[in-house]
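Listed next: structures, encoded as structure tokens.
Two complexes come next, and they have one chain in common, chain A, joined by chain B in the first and chain C in the second.
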Partner chain A sequence: MSTASVARSARLGPLISIASVAAFVLLWYEAARLGWASSLILPAPGEVLDTALQMLNDGYRHVPLWQHVAISLGRALAAFAAALVVGIPLGLAMGLSPILSSILDPFVQFLRPLPKLALIPLVIVWLGIGESSKIFLIFVSTLFSVIVGAAAAAGSVKVGRLRLARAFGATRRQQLWYFVLPSALPEIFTSVRLAFGVGWTTLIAAEMVAADSGMGWMVINASSYMRTDIVMLGILLLGVTGYLLDLAVVGLQRAVVPWAGRE
Partner chain B sequence: MPIGKYVILAAGALAGLLALPPLSQAEEVPAVVRFGYLNGPRPWILGKADQSFDKALGTKVQWINFPNGPNELNALAAGEVDIGRIGSVPTVSALVRKVPIKVIAVSGVIATSERLIARKGIDSVKALEGHAVAYPPGSTAHYALLAAFKVHQVDVSKVRQVQLKPGDLLAAWKRGDIDAAYVWGPFSQQLEGENGHAILATKDLQPAGYFLFNDYVVRKEFAEKYPGLVVKFLKTFGDTVARYKADPDGSAAIIAKELDQDPAAAKDTLAGLIYPPLNEQRTTAWLGDGHDSGNAVITKSFADTARFLVEQGELRAADLPSDFAPFIDTSFLAKAVAAP
Partner chain C sequence: MSVKIAFEEVTQVYGDTGKGGGTRALEHFSLEIAERNFVCLLGPSGCGKSTVLNLAAGFEKPSGGSVLIDGKTVTGPGRDRGMVFQEPLLLPWRNVIENVMLGPCLAGWPKVEALAQARHYLRLTGLERFERHASYELSGGMRQRVALARAWIGEPPVLLMDEPFGALDAQTRLVMQELLLEIWEQTRTTVLFVTHDVDEALFLGDRVVVMSASPGRVLLDLAVDLPRPRTEEILTSPRFADAKRRCLRLIGEESRRAFGHLEGDGI
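Up next, the complex of A and B:
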């Protein structure tokens, strides 16, 4: 492809995306209108919209809709922050120190793929049924992806550069600050993005633990009464919020590491 | 005379065929019939233990376990369960949301099998103010708890209500995170074993008009295609109740072993339900006979439960049917009772 045609498709990109979403909604609308599936199995877009409008007025189960979104977002962000604070230094340290990596790697590799639902009974015993257990569940599912990403990023720092830095007498702190971090950061951002995605999916599991608010709880509770319209609405909210969160991380990445991908 | 021999054979075969009942009468049997069951000890589990349902239906029965009623409800909506035992509250959610099922019988009335367990020192429902109470959401126990609050004029804003799955109750109780829970066996007995005591049982709410029970539902499509199997199912269920009544201790032991639960707790739960005889269920005291079902106790309690769930904000008023009688089909019950 020529440079001009690449630029043209880049401009067309958003338009194509909008058209594809519109086509999907139209298909959904038609499927419901033509009765391909009952409203129990596939609520019509209009029904979901009605439910959304009614909830904007009355809330869901005595809690305003925005508060459900805010509570879930608060839980996730608290967990993400903790995962970054713990995960990035630990991952970098593992990436730079083969001994530390050998010590911790078995635990990281064991815990990372573990289905987090399996931890619920233990988390209740350890942390109870308050906010801490919900945040902890999201934290553990995010943490290990952050660690693995940061370790890989630190490991990918070009050895030649570090040797050069040492030859010029850079201290360990200077090595870390001027050489390791700048080349590791873009990769760390990418892994953080993926880790947030993983963490966000744990929201439902986290809000299965004695919650009475939040988008995940909304979906679970509504499914107990076969309110598929609310389930759909909850899923849409979860998806859109997750999408916006991802956009925020991408924006942050552009601002913090503008040199990413330009080496 | 080979030809003559064949003629005689053919004539004989034809006579044999005519002597058999017409083919249309013989109902086709699916390769597998899927039963949905919950963890609560119930008489029909006897039929799981000795495969008497497999024998009666003449095909393989697949028993699918669900941790709670709402989960079974989702499977029913997906058409993954043919016949299921489920609580009256999830049943109402299903009927209101137009899940294609029919209610075919009452399996048992909840008397003491579900109770409100509180810590020592909390001796009444009113005393729950200022404490945390847990319940499985969307269940008969949830409904009973809210009804108990109403009956005993509890200030709900002073009670911390905690939604927990039955399996998670014990951990929260042991940590001291909850002070009471409304739940069924074997979980109620587990809490009682940890310094809990019952301050209310579901039957205590009956005088105030709250009637809670378990019922059997069948997938509409299945009932239309295999009505004979539904009749055989009900008859076999009746047999298991009779066996339980004849030998409660022995039955409880078998059921506990089948469900891998404590025998004493299973016995306690089994004794905490009332099993209305099948031949009495076609009166208005229960399901009615199809013509008077609108006035039947079960129909009315479905309507009460539905109104209550609307009040709670769980169901939409616009979804409520004017009458629950059309969802009850006692024709299978009539045949099961008449069958020898």
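Up next, the complex of A and C:
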């Protein structure tokens, strides 16, 4: 493609995306209207919209809709914050110290791919059924991706850059602050973005632990009453919130490491 | 004049050194560089030019022989030797002037002094209008100029340059070479400049040291008696053409002799 046509499709991009989503909703609408599936299996967009409007007024199970969103978001953000605070320094330390890496790597590699649902019974025994167990579940599923990403990022500083540091007589501490850490930043952001994605998918699992609010809980609860419209609404909310969260991280990345991918 | 940099019978072997294995990058490499001299190291790709520079910089230790600066064995990198690498290696999280101030920052200079010096070198390199620009928004030539200013700001007694203009187009390269000479005339630091371009070596150097490939040795050591200050005009002068012809003839002769020598050795 020529540069001009690339630029033109970049400008058209958002429009095409909007059109594609509109086409999908239209298809959904038509499928429901023509009765391709019963409304239990596939509620019409209108029905979901009605449910949404009604729940905006009345809430779901005595909890306002925005509060379900806020509670889930709060749990996720608390878990993410903890994962960053613990994971980034630990990952960087592992990336910089082969000994520490050898000590911790077996545990990290064992726990990272582990399905976090398997931890629910243990987490309940350890932490009970309060907020802490839900946050902990999201935390563990985010943490290991952050650790692995930060460890890889710490090792990603180029030899040339380290030579530059040594040529200027940088002390070990200066090498770390002036060269290694800033070099690792872009990659840390990328891995944090992926880790948040993983953590967000754990939300439903976390809210299966004796919750009485939250988007994940709403979906599970509504499904046991065959309220497919509420399930759909919950899924939409989960998806949109997750998407906005990702956009926020990308925005932050652009602001903090504007050079990423442009060196 | 006193000897600033000396390589004495330096051998450098990479990789598995047991049983004569590994890559012999340098063998019996000897060279003395006088203070305030501009010496160009010329040779084909892979002959060990960067290795020589890395040894002088102290990034590596020689497998054999010794590398001396001011008569003292090099034990590691230091601020007394400035480096300009083949790539600019600017730090993208620092803007242009912050990149130039890198050395002073690490050395803990007073901020005012660092800033004044940085401005001085940005002016010399014609970058004063780009002080606050992001380094990743500059062209290749401008980036290399920043790298030059960054190496020069501490006014190190020795400057080591590894094909700094290798990636630039002919026009930009000429501008950079003139700029380099212009600043060098003012500071007269000792420069060891690596290149694989005969024109560049003759244009810049007081001496051109030609290396032979695998293992790297000094093939030829030529004094360049072109007058200074040198400018673009000299490139088309008969004297330059003469010097170049002589240099190429000697390189040819020496290379053939070296090859004959190797073949004779082999049998």
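As a convention for this text, the second predicted complex is superposed on the first by the 260 of 263 C-alpha atoms of A that agree within 3 Å, B and C clash if a C-alpha of one lies under 4 Å from a C-alpha of the other, contacts with A are read in each partner's own complex, and residues count from 1 in each chain.
The rule we apply is simple: a contact is a pair of C-beta atoms (placed from the backbone, for glycine too) under 8 Å apart; a residue touches a chain by one contact, two chains touch by 3 or more.
Quick caveat, the model's predicted, so the values are computed rather than measured.
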Looking at A:Arg173, would you say it contacts chain B, chain C, both, or neither? Reply first, second, both or neither. neither
Of the two partners chain B and chain C, indicate the one touching more residues belonging to chain A. B
Applying the document's definition of touch, where does A:Trp259 land relative to chain B and chain C: first, second, both, or neither? second
So in the superposed three-chain picture, is A:Arg11 touching just chain B, just chain C, both, or none of them (first/second/both/neither)? neither
With the two complexes superposed on chain A, say which partner A:Pro182 touches: chain B (first), chain C (second), both, or neither. second
Is A:Leu164 touching the first partner chain B, the second partner chain C, both, or neither of them? second
Give the list of chain C residues in touch with chain A in this complex. 57-59, 76-79, 81-83, 85, 87, 89, 91-93, 102-103, 105-107, 134, 136
Which bits of chain B are touching chain A when the two form their complex? 70, 73-74, 77, 90, 93-94, 96-99, 134, 137-138, 161-165, 167-168, 171-172, 174-175, 177-178, 309, 312-316
Flag every residue of chain A that touches chain B in the complex, lowest number first. 38-41, 58, 60-62, 120-121, 124-125, 128-130, 208-212, 217, 221, 223-228
Taking the complex as given, what residues does chain A use to touch chain C? 160-161, 163-170, 174, 178-179, 182, 185, 257-259, 262-263
